[in-house]
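Data block below; observations after.
Letters A, B, C, D and E name the chains as they come in the text, with residue numbers starting at 1 for each one.
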Amino acid sequence: MLYREAGQFKTDYTKDMAVFPILQDRIGVGVILFIAAVIIPLFGSDFLLQAVMTPFLVFALATIGLNLLTGYTGLLSLGTGAFMGVGAFACYKLTTSFPGVNVIVWIVCSGFFSAAVGVLFGLPSLRIKGFYLAVATLAAQFFLSWCFIRVPWLFNYNVSGAIEVPQRTLFGVPITGPNSAPVTRYLIVLAIVIVMTWLASNLIRGRIGRMWMAVRDMDIAAELIGIRLLNTKLLAFAVSSFYCGVAGAMMVFLWYGGAEAEVFNINQSFTILFMVIIGGLGSLIGSFFGAALIYILPIILRFVPAELGVPLHAATVEHLTFIIVGALIVVFLIVEPHGLARLWQIGKQKLRVWPFPY
Amino acid sequence: QDTIYVPLFTYRTGPFAGSGIPIANGMSDYLTMLNERDGGIGGVKLAIEECETGYDTKKGVECYEASKGKKPVITNPYSTGITLQLIPKAAVDKIPVLSMAYGLSASADGTNFPWVFNPPATYWDGASVFVKFAAQKEGGLDKLKGKKLGLVHLDAPYGKEPIPLLEALAKEYGFELKLYPVPASEMQNQSSLWLNVRRDRPDWIYLQGWGAMNPTAVKEAAKINFPMDRLIGVWWAGGDDDARPAGDGAKGYSSLDFHAVGTDFPVIKDIQKFVVDKGKSQVQKEKVGENLYNRGVYNSMLIAEAIRTAQKITGKKVVTGEDVRRGLEQLDITEARLKEMGAAGFASPVRTSCTDHNGHHKVFMATWDGTKWVKSSDWMEPMKDKVRPLIEAAAKAYVESNTGWPKRTEPCDKSS
Amino acid sequence: MLYKIFIDPFVQMGMAPDLLVQTLWDGLVAGVLYALIALGFVLIFKASGVFNFAQGIMVVFAALTLVGLHEKGVPAYVALAMTVAVMFALAVGVERLMLRPLVNQPDIILFMATFGLTYFLIGLGELVFGGNPKVMIASELGLPKGTIDINMLGGFVSLQKIDIAATVIASAMVASLAVFFQKTRVGRALRAVADSHKAALSVGISLEQIWVIVWFAAGVVALATGIMWGARSEVSFALQIIALKALPVLILGGFTSIPGAIVGGLIIGIGEKLGEFYWGPLLGSGIESWLAYFIALLFLLYRPQGLFGEKIIERI
Amino acid sequence: MRAPDGSPKARIGDVLLAVEDVSLAFGGVKAISGVSFDIRQGEIRAIIGPNGAGKTSMLNVINGFYHPQQGRITFKGRTRSRMRPYEAASGGIARTFQNVALFRGMSALDNIMAGRTLKMHVNFFWQVFRHGPAVREEVEHRRFVEEIIDFLKIQDIRRTPVGRLPYGLQKRVELGRALAMEPELLLLDEPMAGMNLEEKEDMSRFILDVNEYYGTTIALIEHDMGVVMDLSDRVVVLDHGIKIADGTPDEVKRNQAVIDAYLGVAH
Amino acid sequence: MTAAAQDKLAPTPATETILAVNNIEVIYDHVILVLKGVSLAVPKGGIVALLGANGAGKTTTLKAISNLLHAERGDVTKGSIIFDGAEVQDQSPNDLVKRGCIQVMEGRHCFGHLSIEENLLTGAFTRRDGKAAIRRDMEKVYAYFPRLRERRNSLAGYTSGGEQQMCAVGRALMSKPKMILLDEPSMGLAPQIVEEIFEIVKDLNAKEGVSFLLAEQNTNMALKYATYGYILENGRVVMDGDAKSLADNADVKEFYLGISEGRRKSFREGKHYRRRKRWLA
């Protein structure tokens, strides 16, 4: 009976509509934020910050982005990688063209460019649905990938053909480029991800979120209660691509520190989609779970044999990792097809009725 | 017990594993051999650790971060994509990057890239040798006028690398450059590209491909009856598995190379004796001595020599990344040294300097005879005079676009 | 510019008809091979509504098993039979361990599960066979080798014998599968399952049996695909990338239609070869990577369910 | 709105919606052929007929989901040859569906709130930050929706995802969603299918109250003759897409054509 | 469950039971307890009605019997179900159909992309007695539902609600079952057809000895045709008895048949609900 809402009465609608109406949830979130913002930066190793946490957060943001589109609006997209790329290249163009403006501003603004591109490729969604829609987004994926390689203007005619991240500072502290400390970059990523998660939760709790979900669940009925399908879908494409774009820009500027077009390939799109599904379609918290499982699990698995002292070749470990991750995905789906988020909910439900089984 | 930690980023998985595996074997076998035969370098054992990248930049960066904590003396990214990520980090983390004949061509400029090394030759050197070779067969550079030279390349930064040089040479010598990009997703589906080749009828083709793209290209070339002796691959298109699938069709196909093939070298024999025969290698016995295997061995020779040089300069036994950087900058593998190493005739001498991290060394043609690669030309000097200005310009552009790129502070050692 | 887009290509076609014929032939062959991959997808999609992401890796896996067995000294035809048996075992395994517990779940979940399968097969395949590329044992299997050069139209058209064989084999497979699935009791049951697992269960259709059948059929198709594509270049894990090409084909033809896969394959194959050959140079070539998707998209705007796909039922 | 004595005559006003000579065919199937009828302000109008007679199709035509090949639809004085779904919804036509068409992944509350979409206008910017007007608007509409929830007595399932509710409650939530649109014309497609008697009584009560308290005009499709005869003011009967009768419940009940085609034994 | 226990639970040892449900408990999603100990029995050749309000658990009971719960993440956690002498839990739905127990699911569930005729043919999937026999049975279904014959070549997804319902019932008949679990067969059907459906039930029962378990809201009809009835409330059986005695029960009359004080109430007279206290201030 540790976790229950009984006894917590809401006296007005505003409180009832809060993100975390239950006290225990609020405490939990506070603790997590504290760990993320204070404990990890203070005590985490560079490896943890740079190779685990930062990528995890970047992926989580991209996953949220795709979740808004696929999980909340029901539009399947396989172009996430490319939309992330648009964000990255836009940010690169912006910060090299206007070096005076702080790069964080540009990271966020680059989202608008991918939003615009997203809307463009979202147009066919009015007529095309389901897996068929995936082709429209695949067209985006391959076409944009091609552009990233073929339009040298995008990478400032660099001979290397890649984005090279210049050093930028905030209050004199380097935040991008090789001299920036992993912890600085981590904190920036964390801040952006927290703020954008909060904004996303605002959106989905309000009218727009309901419109999206209505379109997802039954578009005909949605149309008949007066929701304009095209506008709603395009808005979803825009917002989703915005998130992906920002994630892409963060990925290059705050994680990789430089990138080839290859980074934004179709595999990236699939990876994000899988994070969405494994985490739970239509769940923000699930996006974090999904990103963690798909990104962090293989890393951990890779360390296991070494920790156990089993002498295995790096390649064999990799093969086994693949096998185990593959099997685990299936197992997770069998245990809970609605994703980790649902597992989480059921866990809470069990806590609520604890110590009784149901 | 003191060791020197040498991480090897390799890929034995993923779509490019075909090229990755022999290289990985060669690299680790040579270093293991040093441990087994000599007890390491200068009496210090090497701690060799492979990290699997799958040719994926993400995993490469992860490997780098994971290895960073263990004080590596050198990084071998083994992928242009990963190299690009690591170049800016090298100076900060004080770990030199050795991207042997790949990576960023501009990093040959030691003044701007003190921490990055790409001997023995850059892609631009390679492309210039291709042009030279074509000219030689046509009867002189002036005979190139009006000829068509084609570049079949992977549509990615790696594949596009030779373009600026070839364009410059095209202007200078009056030949026409035709580009044939192969998108990564179409690596094994090149028929329309080769139809284009058939229409354009280029006189020579330079193949800058990787992985499954190469065998497909060679096969398709054979299919349209393109004369094989006019198809030249960059050194990365010279794997045994690149030519073998085309069978007889690939006979006469040549690729650039900078080290010998086969097992007739004391050093390779030592590897067989101390490593392979003792079951300390993952290699299949008959694959020892193949082109890409020897490429790996060559790569490790450079690593080992750099460490040895570092020990010599500093007088320390256990060297650090900073020391090895100095060692890499002063590599001087002479004929005599090669002989000592048991590698006489295996490669040409290599020398680097403070300003020149590459050396622009000689390369030669290896031709596929239907079952193996055989050396088919003399060592050819690249057009260093054409390549060097491009490199300096590119390095300058790189530094300019990366605002805040640090000025070189590392002093040049006297001897270089 | 307009001239270059609208007139020049046709002038070229007229000037060098041999190249046009060659392009068409190449497109045809590519189309048939795409169709072969797409067919694997269609089979499984028809039977379970599952979009089988693992089809690409099944192609690699089948081809690797075949070549791997042969390397171990098993005669070619015996290896072929053993590979078929392996694909059957795979089908049974997939049904038991993956599909059965996931019955009646949304399509996207099953899609995700096939992704897990992909990972699994990649790991397993590399563990067992290693990542080295292998040479397809085409001639050992009695597939013809070499080229037929036909002098015609003031030039020549070269036909690869293996391509001709591929076309014949693929067409035969498609035809027989089409008949089997359209005209038989099992075929009907398949379509029922794709419509609704729940209802299919309730009328006593044995999902287990049906799934084993189609996954096995898809496995055999994967094997054929692997042999054909492997013979064109090499057998390696890179081959799975080619499987993505099946997507526009599928979508254009309609996910549920076997003839759709063939027609879609041909349209995409020929369309993209013509596009790349005649219009590609305008954009600097290499446009094949996305051209197929745009072709498919154009068709979709007319028919959202693909050319032969079942109509999407919108009723309330 | 309701006349003091509650008599039907005072309740019913002018023609709200008129369908004239509407025909609809799907390929060879003629779903509706030349049907005309009207619905007056404030009345409960039943549409009955055997299975496949074209009743649902008629509703689909009225709210613009199907486009008839022929005929005119006059709604609130405007005549057109076809409706558009958005037009219909914003013009005040709401409906429930024969096969429950709720948004299955959303809670009952969200479903009903979704019905308010057309009435909510705060722009994207405020919504993203969930600030000022956005919150005020949300609260204001929530209040309205809570009233509907109370009215339909579904307080306790507010937060349950509707996919898990039993059929009868789903139908009730669907009615709630339609009511949230504050419609002038409410189209109900078999609202009582699959309910037991007690629930049918409840539902009848809701329908009557909606009609009386909110003055909403209702078009009702139902196969339970008891309900139809008790609730409706006028009944139109379709068979094979053709109108075979139109009149008060009593007239219709006695019509031989109706008995033959639909009722079977006289009820 | 031991044989002894079974004996104890079997209602009337005189008539053979084809289906016995013994004290089952069903949980959805591992947490939602829906059936809290339901027991019932259907005698061979009997028609048993299962009545109850919305959400009482009728559908769940039927799904438990035909072993379709797994597909909805439901589980029978206690008790046992025995059909024709064998535990249901050990059999796949397909086995059950083969052995003659078929369910008509609530909410139609036709195969939308198959034509009506193909839908009917899928019903015969488990049969092995040749095309001619199947053809004959199909004619029989068409004779029962002439409307289906008219629409035989249309995709089921495009047919009207009632047509789909007929199709679903017809499809089940095609499997030549020994026992049919009918979930709300009358839903959405015109009164005439409802009566017809029940006539069909009676017909099959009398002529071919098919047993029926009917979950039905139309209590009137159900009790008229059934021999025995169970009333389910909140996941428990609250009342059972033979059909006549149930129909005579005052409560059943009041709440399920709409007859109070001997006459049918008008729907206009339905009780005025009380406005409840609002949830929030």
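Following the convention adopted for this analysis, a residue touches a chain if its C-beta (ideal position, glycine included) is under 8 Å from a C-beta of that chain, and two chains touch if they have at least 3 such contacts.
Chain by chain, the UniProt names read as follows: A, C = Branched-chain amino acid ABC transporter permease; D, E = ABC transporter ATP-binding protein.
Keep in mind it's a predicted model, so treat the numbers as computed, not measured.
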{"item": "Least hop count linking chain B to chain D through chains in contact", "value": "2"}
{"item": "Joint neighbours of chain E and chain A, given as chain labels", "value": "C, D"}
{"item": "Result of counting contacting C-beta pairs for A-C and C-E, higher pair", "value": "A-C"}
{"item": "Distance-maximising chain from chain C - centres being C-alpha averages", "value": "D"}
{"item": "Where chain A and chain B are represented by their mean Cα positions, the distance between them in whole Å", "value": "37"}
{"item": "Whole-Å separation of chain centres (CA-atom averages), chain D against chain E", "value": "29"}
{"item": "Distance from the mean Cα position of chain D to that of chain A, given in whole angstrom", "value": "41"}
{"item": "Distance from chain D to chain C - Cα centre to Cα centre, in angstrom", "value": "48"}
{"item": "Residue numbers of chain B (touch at least two other chains)", "value": "12-13, 155, 183-185"}
{"item": "Shared-contact residues (touching 2 or more other chains) in chain D", "value": "56, 65, 97-99, 101"}
{"item": "Multi-chain contact sites of chain E, meaning residues that touch two or more partners", "value": "32, 158, 280"}
{"item": "Complex interface listing, chain B residues touching chain C", "value": "12-18, 20-21, 155, 179-189, 191-193, 195-196, 198-199, 211-212, 215-216, 219, 223-225, 241, 244-245"}
{"item": "Of chain E, residues touching chain C in the complex", "value": "66, 68, 70-72, 92-94, 96-98, 102-105, 109-114, 118-119, 121-123, 125-126, 155, 157-158, 171-172, 175"}
{"item": "Contacting residues of chain A [partner chain E, same complex]", "value": "10-13, 16, 346, 349-350, 353, 358"}
{"item": "Residue numbers on chain C that touch chain B, as the complex places them", "value": "16, 19, 22-23, 26, 29-30, 122, 126, 130-133, 135-136, 147, 158, 160, 229, 232-234, 236-242, 244-245, 272-273, 276-277, 280-281, 284-286, 288-289"}
{"item": "Chain E contact footprint on chain C (complex, rising order)", "value": "103-104, 185, 188-189, 191-192, 194-209, 256, 310-311, 313, 315"}
